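Next up, some structures in structure tokens.
Presented sequentially are two complexes of chain A, the first with chain B as partner and the second with chain C.
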Partner chain A sequence: MAIVEAIATAYLEEGVEPNDTFGVEFTGIPATYENLRLIVSPRSPNNTDAGHLHIQFGTGGGAVDTGANYDSHYQGVSGTTILGGSLLNSGKIILYDVVTGRKALAERFGAVEILISDYANTNKNTTTMGWCGLRTTSASKRNMQYGGCWDNTAAVDRIKIIPNTDGYARGTSYTLYGEKSS
Partner chain B sequence: MTTTTNTATPDYIVDGVLTDGEAWVPLKTTILGSDTVGVTWTSSTGANDWSQYMDLIVIGYSQSTTTANGVIMQFNNDTTVANYEYQDFYSSGSAYAQGSGTTKGFYLLWSDKHATQNNTYAAGIGRIYDINSGKYKMGIQRFADSRSASGYVGTEVSCWTKQEAISEIDLIDYNGNAFAAGSRYDLFGVLPRMVTA
Partner chain C sequence: MAVFNVIDHQETGSGGDASYSKSSIGTSYDHLYFTASTRISTSAIYTTQYIEFNSDTGTNYSIKSFYAIGSNNYAGSNHSGNNINYVYAPSATADADIFGSLEVWIPNYANTDNYKQALCTWGFANGSAANNILGTTAGLWMSTAAIDTFKLAAGSGTFDQYSTYTLYGVNGAT
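Up next, the complex of A and B:
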């Protein structure tokens, strides 16, 4: 029995869609793991320095929850500037400044790791913890940490990841891992 | 120095068929029996053929021997400082600091010399993303070190501005000094989803 299993990998061709409508969605996630871990290497075709990733969860085989049931927190640095903030009762968990934009060289992508703890437990809201690295131009770089919460105790069986800019650039990759306990 | 390399047939190939196996595959373990200058890991065959992995993960428990410093990772024998960018964020006691620039490689961890660390080894874990792609290679490292009357905890984001696949990692002390006996370094390859069914 594997302890860490790769549930699914998405390695994308370029796509440009209206804001918030183009997302990668993992569905039918089994409840057989202790934690989920999402590894992302994102880039946007949008002419920005850095964009955000939005995460939504679903349960019971239905669509993802788009209600104002998510909280987000972040801290980090850009050069010598310290960043921090939060957003409560939003329609998605937001990971600020993790998607490399088209202002950067084509070889540059972000690096993101998101831990989704005890996602199948039906007595706890689902919490997330994340880390991100980004370097776009000499003036734009990030070393960030994130916390998030879905105010719902249902077991997660669906995850949608949406960029806040116009889709993903070719080469953006997502892999969802399941981590088992003893 | 003892290095164990896993060159066995990958577990995800069963009778010539791809299956879903363990996503984390142990590739290298190096344990220092004496003070040692640098550790080199290279891709080879079987499970240790790095071209099959999405990411690499390096875990270190380490001390320096001469001065306070840490463990740097360099790739494919590239020693050009301008090719390794970083953005760090760390604290020591109640003080915190952050900075960015270029340096000799990806910092895996920060540590002091054995005389200061005594039996405490600094710990670090780093993930290197999409190592076989044409992207610049990004890494996120997290580290902690509890020293006598002080210590560090922090994260470092790094970028190697090269498009080539990573096939060698050199672990070095920033000042070229030896790592202390008892230091340990492990390398894992992380697979993507191998089958679509």
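Up next, the complex of A and C:
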């Protein structure tokens, strides 16, 4: 049996989603893996160069937690500007500027990888680590790293991924992998 | 042959562990990949962890790190170090239940012609803007020996209970 398994894939091919609260949601995630890894190739119809990606977690078969129980941190380079910052006690983990928007060149999508470590361990809060690289126009390019925390020790069985505005553009894809440790 | 293969997995028990180590790593893989979820007992917000290969504690390591604490960015380097450090984990005064994420890629670890590179990515969000920390550290072990022992150690104190470590051997196409 493979050590790394694809749990689910969502590929948006039906065109632009009109609902700005639309999110892709993976449910029923088993607790049988050591880590989860999420690979996202996102683009939004939002009239920006790049927008944010939001992540929420759920447990026990219930809905995702939308309370102010998430912390986010980032660092990286945008153009030649070095960035660093945090957002605390928010309703979601935020990955800044990873979803290319309408002002980005055509066919430019973000590239995002998110590691969710030991997500089923009930003695730990759920922490994430991710990074992205994208070049939206000839002048705009980013290389960013992200840390996140869900202030809850419950085992994660649901993940929701939401763009900050205007849904996703056609061609956006998400794949969730599980990584075993035995 | 499978692409990813588990070489070893350990979890720290209630007594804590000063380090995680795996010896007798075979040479049959193309790359090594290591993930850990750790917290350290030292009375601090964060403490460095360090990596050693083949029990070599000589000044044979070179590192370059780029990291952020809160909204401030930093760079660290050491060109004759005893190990690969600047790999931080949450510690005793970080928020409760926070464990940091770490992953390490060691490409072509078994070759005997080149020095070995390790790319380490690590971090955690902590509930306090000033104490969130994450970064990337490139490490070079200046030895042409094949890596047969991998060690991750706490810079001070011990790894807390529930810290986990998984070492994978990764194959390319054959």
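Rule of thumb we're sticking to: the second predicted complex is superposed on the first by the 175 of 182 C-alpha atoms of A that agree within 3 Å, B and C clash if a C-alpha of one lies under 4 Å from a C-alpha of the other, contacts with A are read in each partner's own complex, and residues count from 1 in each chain.
Everything that follows uses one rule, which is that contacts are C-beta pairs under 8 Å (C-beta built on N, C-alpha and C of every residue); 3 or more make two chains touch, one makes a residue touch a chain.
Remember, predicted model here, so these are calculated numbers, not experimental data.
Placing chain B and chain C on a common chain A by superposition gives a clash between them. Of the two partner chains placed by superposition, only chain C is touched by A:G148; chain B is not. In the superposition on chain A, A:K160 makes contact with neither chain B nor chain C. Shared-chain residue A:K92: touches no atom of chain B or chain C. Of the two partner chains placed around the shared chain by superposition, chain B and chain C are both touched by A:A2. In the superposition on chain A, contact is made by A:R135 with chain B only, not with chain C. Once chain A of one complex is fitted onto chain A of the other, the partner contacts of A:H54 are absent, as it touches neither chain B nor chain C.
Using the contact criterion defined above for the overlaid structures, shared-chain residue A:R102 touches neither chain B nor chain C, since it reaches no partner. In the superposition on chain A, A:K124 contacts chain C only, with no contact to chain B. Across the superposed pair, chain B and chain C both touch chain A at residues 2-4, 82, 131, 145. Listed in rising order, the residues of chain C touching chain A in the complex are 2-6, 9, 35, 37, 66-73, 95, 97-101, 103, 121-129, 132-136, 161-162, 164, 166, 168. On the chain A side of its complex with chain B, the touching residues are 2-9, 11, 39, 41, 76-80, 82, 105, 107-111, 113, 131-135, 141-143, 145, 171, 173, 175, 177.
The touching residues of chain A, when paired with chain C in their complex, are 2-4, 34-35, 71-75, 82-86, 88-89, 93, 115, 117-118, 121, 123-125, 127-129, 131, 145-149, 151, 153, 179-182. Considering their complex, residues 20-24, 54-55, 85, 87-89, 98-100, 127, 129-130, 133-136, 138-140, 142, 155-159, 161, 163, 190-194 of chain B touch chain A.
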